[in-house]
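Mind having a look at this structure? Questions to follow.
Which chain is which? They are A, B, C, D and E, in the order written, and residues in each are numbered from 1.
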Amino acid sequence: ADGSWSRAKGAGKLVIGLDDSFPPMGYRDASGKLIGFDIDAAEEVGKRLGIKIEWQPTAWDGVIHSLNAKKFDCIWNGMTITDERAKQVAFTKPYIMDGQIAIVNFKEKRFKGLKDLKNFKAGTQKGSSGVEAVKKLATAPTELKEYEDYPKALLDLEAGRIDVVVVDNVTGRDMIAKRPGKFKILPGMISKEPFGVAFRKEDTELRGKVQQTLDKMVKDGTMAKISRKWFAEDITNPKKF
Amino acid sequence: MNTDRQPLIQLEGIIKRYKNLTAVNGVNLAVYPGEKLVIIGPSGSGKSTLLRSMNFLEEIDAGVIRFEGREAGYVHRHGRLHLDRQQVVCPLRAEIGMVFQHFHLFPHMTVLGNVMEGPLTVQKKPVPEARAIAYDMLAKVGLSDKRDVFPATLSGGQKQRVAIARALAMRPKLMLFDEPTSALDPELVGEVFDTIHALADEGMTMIIVTHHMGFARELADRVIFMDGGVFVAEGTPQEIFDERMQNERIRTFLSRII
Amino acid sequence: MNTDRQPLIQLEGIIKRYKNLTAVNGVNLAVYPGEKLVIIGPSGSGKSTLLRSMNFLEEIDAGVIRFEGREAGYVHRHGRLHLDRQQVVCPLRAEIGMVFQHFHLFPHMTVLGNVMEGPLTVQKKPVPEARAIAYDMLAKVGLSDKRDVFPATLSGGQKQRVAIARALAMRPKLMLFDEPTSALDPELVGEVFDTIHALADEGMTMIIVTHHMGFARELADRVIFMDGGVFVAEGTPQEIFDERMQNERIRTFLSRII
Amino acid sequence: MQKTFSRVATALLFLWMAAAVVFGAAADPDRLTRQANELMGQGDLAGAVEVLKQIPPPAGGGEGEAFVRSRLQIARLHFSLGEMDKALAAAREVLALYPDNSEAKNFVASVEQEGQPRYVTFLKDCIRFLPALAKGAVMTLLLVLCTIVISPIGGLLIALGRLSTFRPISAACWFVIWFFRGTPLLLQLFFIYYGLPSLGITLSPLTAAVIGLGVNYSAYLGEIIRGGIQSIEHGQMEAAKALGMTYGQAMRRVIIPQTYKRLMPPIGNEFIALIKDTALVSTIAMVELMRAADQLFNTYFNVTALVLAAIVYLVFTTVFTFIFEKIEYRAGIYEHR
Amino acid sequence: MQKTFSRVATALLFLWMAAAVVFGAAADPDRLTRQANELMGQGDLAGAVEVLKQIPPPAGGGEGEAFVRSRLQIARLHFSLGEMDKALAAAREVLALYPDNSEAKNFVASVEQEGQPRYVTFLKDCIRFLPALAKGAVMTLLLVLCTIVISPIGGLLIALGRLSTFRPISAACWFVIWFFRGTPLLLQLFFIYYGLPSLGITLSPLTAAVIGLGVNYSAYLGEIIRGGIQSIEHGQMEAAKALGMTYGQAMRRVIIPQTYKRLMPPIGNEFIALIKDTALVSTIAMVELMRAADQLFNTYFNVTALVLAAIVYLVFTTVFTFIFEKIEYRAGIYEHR
């Protein structure tokens, strides 16, 4: 036993790192309260495990570093499971199947679908899995620009400096609803992306505990309920992944 | 004095105020070509202010300055005196050489550069001509060997002689000296005194404000004793120094100095 | 002089070098309690350096300084002279007052604060006592009414008198003056001269470096003429000034000064 | 040409749809969505709306994905046609079913805003953002004040160290200055926060930020203070020594107090820069003014947050400048005649 | 207590497994995986390894997903137990079957790195990162040089404007200084790049960055240059005027040239700060040194990239400091005796 679960239980809390500006997974409402899908799910897990959840806001840039530096116990923040990341941390099984979509200006005429993308400049958030997804497009962009966050990419799209923003589904839909009439989504997904909760490699026990609870929440429909609350649909069902 | 000729510079009722203090309080003065005037007086009596007014470095509040007979340097606006435009004042200043107590050499130029600066920039003379003038002037003050050094390496007396050469290079009609030897070590006063003496002998018109009575005794055609912004006494050196009894203030002043 | 008594300060073979220049070149000197010594000489002759050496502000290269008969302020290390530790040198300096050409008052303290500073910080006297001393000293230099102003508001002469009061507040056995009047306007020299004269009359031992021959003539028991780092001539004022024929260098020097 | 074609296509589609209804084909949401997309691609927005409207609400609490998507799309289409009321109605259909749906909520909120005069929107945004910004601003102030307390002390020590005649100390201080002035604060904070734990030193974000800013600004002030000390006329040290003061006494009583006035302008400048440099601590996950504003911008996609932050920074820098000038004036009171 | 329970559970599981084997139940990968997870959840890593080992390789080129997952999990478990050889063996089992599996490759690579001396890893990383970092460093240099060319000119204009007796001009210059020194460069860049397009001005990132840095540093240098001009002894202006020079001639020939030397140290400091401030242009999606390092760090989770960036910054600042000192020396050559 690596003692990670008893350590958490002993402390009576699970410290979760997150970038608290990632709507709708985890972000703050106007009063500064943390809300979002991940918040609901994790709080439920905490309730079932009988420990408190402590949210530790962190910058997304060094997030894995912080995890391994023991600034918190896990990252639960709509984190896409990738090979590179899996080298550094241990993920739970996917709990949401997200995917990358392409957003273009509302008035865009050239591109009607993902297949039409030709001779275009793309943008995405730096270090996001959008960077990988772009490689899966039929035609590579002439240039891929990485922004600090998606809103900046979208502003640049609006300014016409780029043609397409590649963003994950949940974020993208949330964003474009805030500037209605400016953007639209090209139909279809570029890639599918499972979200997982990341633990330190050595904390196998703790991860197992959380995984068990998550599995139960899927089985009894709790996850589906939370999912409908945030996305109107159930994107947490492993059968549909 | 040469009252039959036109004064080179003439002041009429000059008043200069600083806030609540009247530094120069209605001074009349005429200086004739070739004349050597020495102004003495206690500290704060307005000597420097008067001298600087003659060169338009201070904007006077009332009065008239005539240079070579013409009213010079001021316009009336909204019932007050105002210094005229640069295009008018600068050429006037160029006709009057001024030497300061603290030399104010341009430290970033060589000695030669300092002396050439006026002819080059103000009179727009070509470099060879300006250089020829500068060579002349430096020879006159005895510093031909220091042409290519920077002022920082000179002694105080040497600096003041360069300052004199710089002013002379403009071929001024009038030279103003504001305590040219006060900042010098006692032993260095002599060389500057000699230089000014030589200049006087050449017939240059000059006004010298000084604490060194040697200037007054050996050089002056006329000595003015100034106090509280006005001329208290005026006369030949003999009148001022030998017949001291004429004024209590001068006597106290001179007793402290010598 | 009083050769039967022990000298207050005694210099033996003092040498001070700057890189390639020997500023003081083997000077011997004994100053007895109550004596008033005036040192004159051309610029760069080593007068200041010698004076500063006596107060351990310059580290000498060779020689011995005796203060009240005891060898003072230096240790030998690796065959060379080195200034002793602060704990030794500072108390020695506290016994010797020094007045500089440019006053060096502490600008951030009032006049009173300047005069109290030594007794308070160095002698660790309680504030009331330090204040009493400062009051005394300021009265002595005639500046009781300026106690609470900052030095910036004083005239040069007043500044120098405060500097003298500051040095006196330490009750020094010896006072060193390095050109105390050279930075003053000619009219302000008198008041400082009077202050030093009064001090001399009280019997203070003092060494004065000056360009003002008035000090030498009216105050000195002994005058030393220094040049090139050595004593060229020594004697009573009468010997130095009246019998000028004795030395060509002194004669040239004095002819330039007066 | 294209328009004609598009109309023909639309007509055909309608025919086909009608046929599907007549022949009892179920209204398959997927197919309808695809149809609508096609119509949109051809520029027939109204047609697309009609098609999408056919997607029914989910039966009995089932999955409403297709329905929600369709209504939101309808809302967007209406919006782009300038039909705000219809757009709102479509979005509210969604909210009736899923009151928490963030997409619909956002949409309604932004459509409602669109109708208002700009300054009302701006004021509303201000009120909405102020609490979060105020929190961030307080953190910024805290960091600034901590650094203002720490760095002059550190700077003085470094300055005295640099002036020391004991080589190892002055070399060490030189190194500190060289290193901390030579590398970005960003990297320093990074190493302090993420790097030190591997040496067994785990700091809280606030501690790490204060240490990082403190050391960095100590290095900067160190050079400034050294310059200040060296700029005090040499005669002051001589006069102090001549009185019998030790080096320490002379520094403490005579030299350092005289530097206050002339150090205030450059130190004030550094502290003004500091106010803005605190923004860098967001690297180590602290929420100060900049980060708070950025989060709001990210969350609401609303530039007002950044404008407000700029204003708060201006207020801070102006107030601090004013304070520093007052201090400078008081520190130099003895120079006034 | 808990431990005993866990042991009992393990024992039971083994019994059950044995039974399953005896009674010929097929080794269902899913069930085994779940078992192993359960054991892991209880902290029995060795047991989990045993269970996972039972998952067979795919028969005849079928889908090997379960097998790959199991072997990688085994590898990770061994790794976390410190058994490097066994971990490698398990990962290599996967590679034998699927030579291109990136997860297994990465795993092997990182385990092998673990075994090498530190400096070898470091050097390898350096070589790997250098090209990207060099590109970033060139961009940083370009930005620095552009700003060094622009800002002294802008600064001089602002300084002269501030000194102007014509109120509107000096007020405008005051405002520029106040605004640009009072708000973070980050925000300024944001508004220049993302805000101006709404006014119809769309700038390229490089242009926006150069304008942002240029204006910002002009404001800073403006104050410094003004201070420098005012610090020139008043007598110099008097002497120049007494010679007959106009204000412009006096400034150009006498005053400004004398400021060069005393302005070099503060301006040099600003330019050193500039080197590090260029890092902020990553807001507008430009890739300079800091961003390049950050990208590498994020991609490879390797701190070496940041260490290298710090070194490059140190080199830049040191070299620039050296150059500025040389210039200062030359600019002040006339002061040497």
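The definition used in the following text is that a contact is a pair of C-beta atoms (placed from the backbone, for glycine too) under 8 Å apart; a residue touches a chain by one contact, two chains touch by 3 or more.
Since we're looking at a predicted model, the values are computed, not measured.
Note on connectivity: the fewest steps through touching chains from chain A to chain B is 2. Contact with chain A and chain D alike is made by E. Looking at contacts between chains, the pair that accounts for the most C-beta pairs is A-D. Each chain gets a centre from the mean of its Cα atoms; for chain B and chain D, those two points are 63 Å apart.
Centre-to-centre separation of chain A and chain E, using mean CA positions: 22 Å.
Centroids built from CA atoms put chain C at 82 Å from chain A. Counting partners per residue, chain B has no residue that reaches two or more other chains. Annotation for chain D: residues 190, 194 touch two or more other chains. In chain A, the residues that reach two or more other chains under the touch definition are 61-62, 65. Inter-chain contacts, as defined above, occur between A-D, A-E, B-C, B-E, C-D, D-E. Interface residues of chain C, counted against chain B in their complex, comprise 42-43, 182, 185-190, 211, 253, 256-257.
Within the complex formed with chain B, the residues of chain E that make contact are 233, 235-236, 238-247, 249, 253-254, 257-258, 333-337.
Listing the residues of chain D that touch chain E in their complex gives 178-179, 181-187, 190-191, 194-195, 227, 265-266, 272-273, 276, 279, 290, 303, 306, 309-310, 313-314, 317-318.
Chain B contributes residues 55, 57, 86-87, 90-98, 100, 102, 104-110, 117-118, 121-123, 150-153, 166-167, 170 to its touches with chain E in the complex. Chain D meets chain A in the complex at residues 34, 37, 41, 63-65, 68-69, 72, 75-76, 79-80, 87, 94, 98, 100-104, 106-107, 110-111, 114, 128-129, 131-132, 135, 190, 194, 197-198, 202, 282-285, 287, 294-295, 297-302.
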